[in-house]
Amino acid sequence: MGQNDMSDTTATEAPAAKPAPSKSSLLSMLFADQFATVAACFVILVILCAIFGPLLLGEAASDQNLRARNAPPFTLDRGWLYILGGDALGRPLLPRIVVAAQNTIMIAAGAVAGSFIIGAVLGLTAGYSRKLVSEVIMRLADVIMSFPSLLLAVIVLYVLEPSVLNLVLVLAITRIPIYLRTTRAEVLEVRERMFVQAAQVMGASTFRIVFRHILPVILPTLLTIATLDFAFVMLAESALSFLGIGIQPPEITWGLMVSQGRQYLTSAWWLAFWPGLAIILTTMSLNLLSGWMRVALDPTQRWRLETGGKKNG
Amino acid sequence: MSYSKFLAGALLASTALVGAAQAQEGGVTVVLSEELDLIDPCMATRSNIGRVVLQNISETLTELDVRGDGGVMPRLATDWEQTDDTTWRFNLREGVTFSDGSAFDAGDVVHSFERTQSDENSCEISRYYEGMGVTMTAVDDSTLEVSTDDPQPIMPLLMSLLTVVPSETGMEFTREPVGTGPYVLSEWNPGQNILLERRDDYWGEMPEVTSGNYVFRSDAAVRAAMVETGEADIAPSISALEATDPDMDKSYPNSETVYLRIDHSVAPFDDKRVREALNLAIDREAFVGTILADGTEPATAIVPPTTIGWNSEVEQWPYDPERAQELLDEAGADGVPVDAEVTLVGRTGNFPNATETYEAIVGMLNEAGFNMQLQMVEVAEHEQYYSKPYVQDRPILVGAQHDNSRGDPVFSMFFKYDSEGRQSGISDERVDDLIDQASAATGDERKALWSELFAYLHDEVISDALLFHMVGFARVGENVEYEPTIATNSQLQLAEIGLK
Amino acid sequence: MQKAIGKRAISSFISLFLLVILVFFLSRLTGDPAALFLPVDASEEMLEAFRERHGLNDPVIVQFFSYLGDLVRGDFGDSLRKARPALDVVLEAFVWTLQLALITMALVTVAAVTLGSIAAFKVGTAFDRFTSMLSLIGASAPDFWIAIVAIVLFSVNLGWVPTSGTGSVWHWILPICVLFIRPFGLILQVVRGSMLSALGSAYVKTARAKGVKNRPIIFVHTLRNAMLPVVTVIGDQAAALLNGAVVVETIFGFPGVGKLMIDSILQRDFNVILAAIMVTALAIFIMNILIDLAYALLDPRIRA
């Protein structure tokens, strides 16, 4: 197998061989990529909104004013809070989007992190352990994958309370298989590589091999999926609201706002547009960041950002 | 066998790829919001089934005149009389045939009634005759006698709900309904469409429309778009937001009433002042023309104003948040737990803008000093809160919508207000008594009793927070003529559609 | 290989059985179908009669074993709401969903793999940025939003295609286009990412160092190595479509399994839920076996 030989001869260049980049070099690598810089700024902004938004604007976001119902955007007549317009109950959209960032990010981050960690651990186990364990885990993935997420949502939200935390639970469970299956597939391939086999020969513990040698190699792929999943989860949450079984008012999320604004698409487009834009911008920023991170964390590609870097733009 | 059905389905689906939609000459397409699970005539009181079946496929002995002031009109019965307190005699139309060719006679009516009472099906019409001890006998082919345990003055009205099937019909639900109506079911492709075609041997006046094709779209915007593009002729229910074209869109009082049901046995709502405060704290007028459609009316009773006995003297609660706050303070000073967190349970998608409506109400109530929390739930969960046994571990208000287009309060009052009623929040002897009396009374006495009850419930008991009589919007395409009525929620007679 | 597939079938059957048990018991925690079938003003007697007739009064465990007993005889029970065999109801809908999913996934795969690979080869170029951006916007826009805008634009304003429903080949265009967008964006991203790391990996460099100038060969080698995660994501997306494209089917009035599922779940039509899950799960299991076969084809080392 010529192809295998090729990879084997040079695969001794293990990812952990180079020292991890220090913080300051990470920053300079970030500035080397303008797109990533902008994206990072946006993500930081969203995170700030999520943390401080409800404290600062919570009041303004829930103040109803039927006279400002569906107030059009881009006018300061009603004050700067109404710059993006008002919703069906005359609440200003800008503060609502800022406040909704908290729930949105909590749900998306919670669900992605939960499914990522559980999926990756199960996937690593399935890929690196004996047949029986692997088989059990994979069948479990099958069960989860074919359990309709809608039914799960109805069951959890009916039996428990319809809360942000329970919604995270529902979404996290449904997203486990994708990480699990990807991780396992990658492990199956990586574990045959020379550096892993070398580590085995040198007597490294399984734990060390998996977390020091295998995980770093597959992490970039998983992170790519995770960033995309971030968008998926926000949209899944929105779809659940659309079908009437997700988060419901008075809680707000961007997804819920889009779903509530849907019926005004032809008469007051801004109701659904701004929160939709927030979802799209957040997703895109995360994706640009993850693209940058792939390069920055990959020892074989890092040079692109370290040496001048500008040509990358 | 299922496997062969699967194959047949696959073939059908792939041929559907090439076959184009065929519009029939003189046919109309109606787009409904929900697919029909069943098409059995004995389920015709269900809104979406009724719109297809009622008076199109299956007819009733009598019919409520919703377009004029005629009251109960003859349909399959030509006339009727009360022979004694507990007996009614109906003379039936002669020369009527079912779509399978058999002749219609009194035996068919008796069978139709018995069928609804059978325990082999779940016919929902049966609920209207429950506990009356109805016995039907065919005196001869064209004479029917109906006797009951107690006087039933509205028997002719009740007969407008009993869809007549031939006596050969089995007890279990049928998928091939046979009726005396002007149309006959000719195609049913589950999930796709239902096609009714006009019969040549209908007893009455031949309707203009030759066939009715029913399709189903759950999104109101899509239903409106379909009429606009000519893919459908009538969308009996679109949302007010889409109803922007005065040439096509017609509003109608849809006989739905929205209210907040109060469970009087749980504090703080066991205190009348708190219930009054609740009513005073809601600015009903502010909803009309904003969140809810123009034409929506603030309600003082659970039935629409066209119902007999509706009391025009009952006055709408004014919007007075200061007074509400005072009442709450007063009650609070007497030890009523007015600060307790109250959950308002609403159902998502119950009516257009349901969520926004309840959000606004909660906002108003909190403004006036209540401690309200909104919880929007799906239909099954809503049912848990709406019907007995109630959740009583915390104060709950249930936002609900009630439909009565039948012209008489009897179809509402027992369920909503009697101590035994499954959705009743009160237990009041005088109310129980008035319901009993009014149900058995006739004419002006009946009207007066219902009026008295409405006033008593609204002013004295303050049984609930009545909110709005709703309006619906129908979109009618340019090729047909159709005026929606208060009954459009429950029926859509193809015979009432004109072609241009 | 046959033995492996046989084993796989058995273990899939076990998963299916587990799934049925889970769904059966969990769904029965969620309320009373009688109250949903009958109108709110039905009497307690009517409700009781309904429950009795459908065996809903028996202890759940008794209901379960009687259901299993019927199942063994090939009887999936009747739909509570439609009063006809649940399996018929599900298969009718599944035919539609299957066709929709197959057509959409075929289009998505071809488009995403082609454009994603090109983007990876031209990493950093305007083409790369543009496709990434476009696919991302597509992948992060809510589908009901796209669906309604598409109907307003292409059906109402332009009159090119019917708004919704079934009947002709034209009716399929909008639903497929709307369904296409999200998996396309997702798979394109994964293809691009995976291709990038494969291109950066040692053996491609070695091949280049050894003087393999032939781009097609490099392309094929890279693609082959990059396909593992791609196949996984394709499988995941196809499974999601087989489970029914709920939102799209709901809006377009497409009589598929997703619409059936949401209706049955909301109405607690247990037998239909179970039959639908078994049918779609079976389809997904078969697809997963195919995916594992694809792994083995792509990477001989996985062939155990």
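Brief remarks follow.
Just so it is clear, A, B and C label the chains in written order, and each chain counts residues from 1 on its own.
As a working rule, a residue touches a chain if its C-beta (ideal position, glycine included) is under 8 Å from a C-beta of that chain, and two chains touch if they have at least 3 such contacts.
Just so it is clear, the model here is predicted, and its values are computed rather than measured.
The most central chain, judged by the distance from its Cα centroid to the centroid of all protein Cα atoms shown, is C. C-beta contact counts were set side by side for B-C and A-C; A-C has more.
Our note on geometry: chain A versus chain B, Cα centroid distance of 46 Å, whole angstroms.
Centroid to centroid, with C-alpha atoms defining each point, chain B and chain C lie 37 Å apart.
Chain A and chain C have Cα centroids lying 21 Å from one another.
For chain C, the set of residues touching two or more other chains reads 30-31, 148, 152, 250, 266. Among all residues of chain A, those that touch two or more other chains are 154, 158, 244-245, 265-266. Residues of chain B found to touch two or more other chains are 221, 378, 380-381. Residues 30-32, 35-46, 49-50, 53, 74, 79, 81-85, 87-89, 91-96, 99, 148, 151-152, 155-156, 159, 162-169, 171-172, 250-253, 255, 259-260, 263, 266-268 of chain C are the ones touching chain B in the complex.
Per the touch definition, chain A reaches chain C in the complex via residues 1, 3-4, 6-7, 9-11, 13, 131, 135, 138-140, 142-143, 145-151, 154-155, 158-159, 177-178, 181-182, 185-186, 188-189, 192, 220-221, 224-225, 228, 231-232, 234-235, 238-239, 242-245, 255, 258-259, 262, 265-266, 272, 276, 279-280, 283-284, 287, 291, 294, 298, 300-301, 312-313.
Remark: chain A residues 62, 64, 66, 69, 88-89, 154, 158, 162, 244-245, 248-250, 260, 263-267 touch chain B in the complex.
Considering their complex, residues 2, 5-6, 9-10, 12-14, 16-21, 35, 37-38, 45-46, 119-120, 122, 124, 126-127, 130-131, 172-173, 175, 190-192, 215-219, 221-222, 225-226, 228-229, 231, 378-381, 383-384, 386-387, 411, 415, 422-423 of chain B touch chain C.
In the complex of the two chains, the chain B residues touching chain A come out as 220-221, 239, 241-242, 244, 286, 290-291, 348-349, 352-353, 355-356, 358-360, 362-363, 373-378, 380-381.
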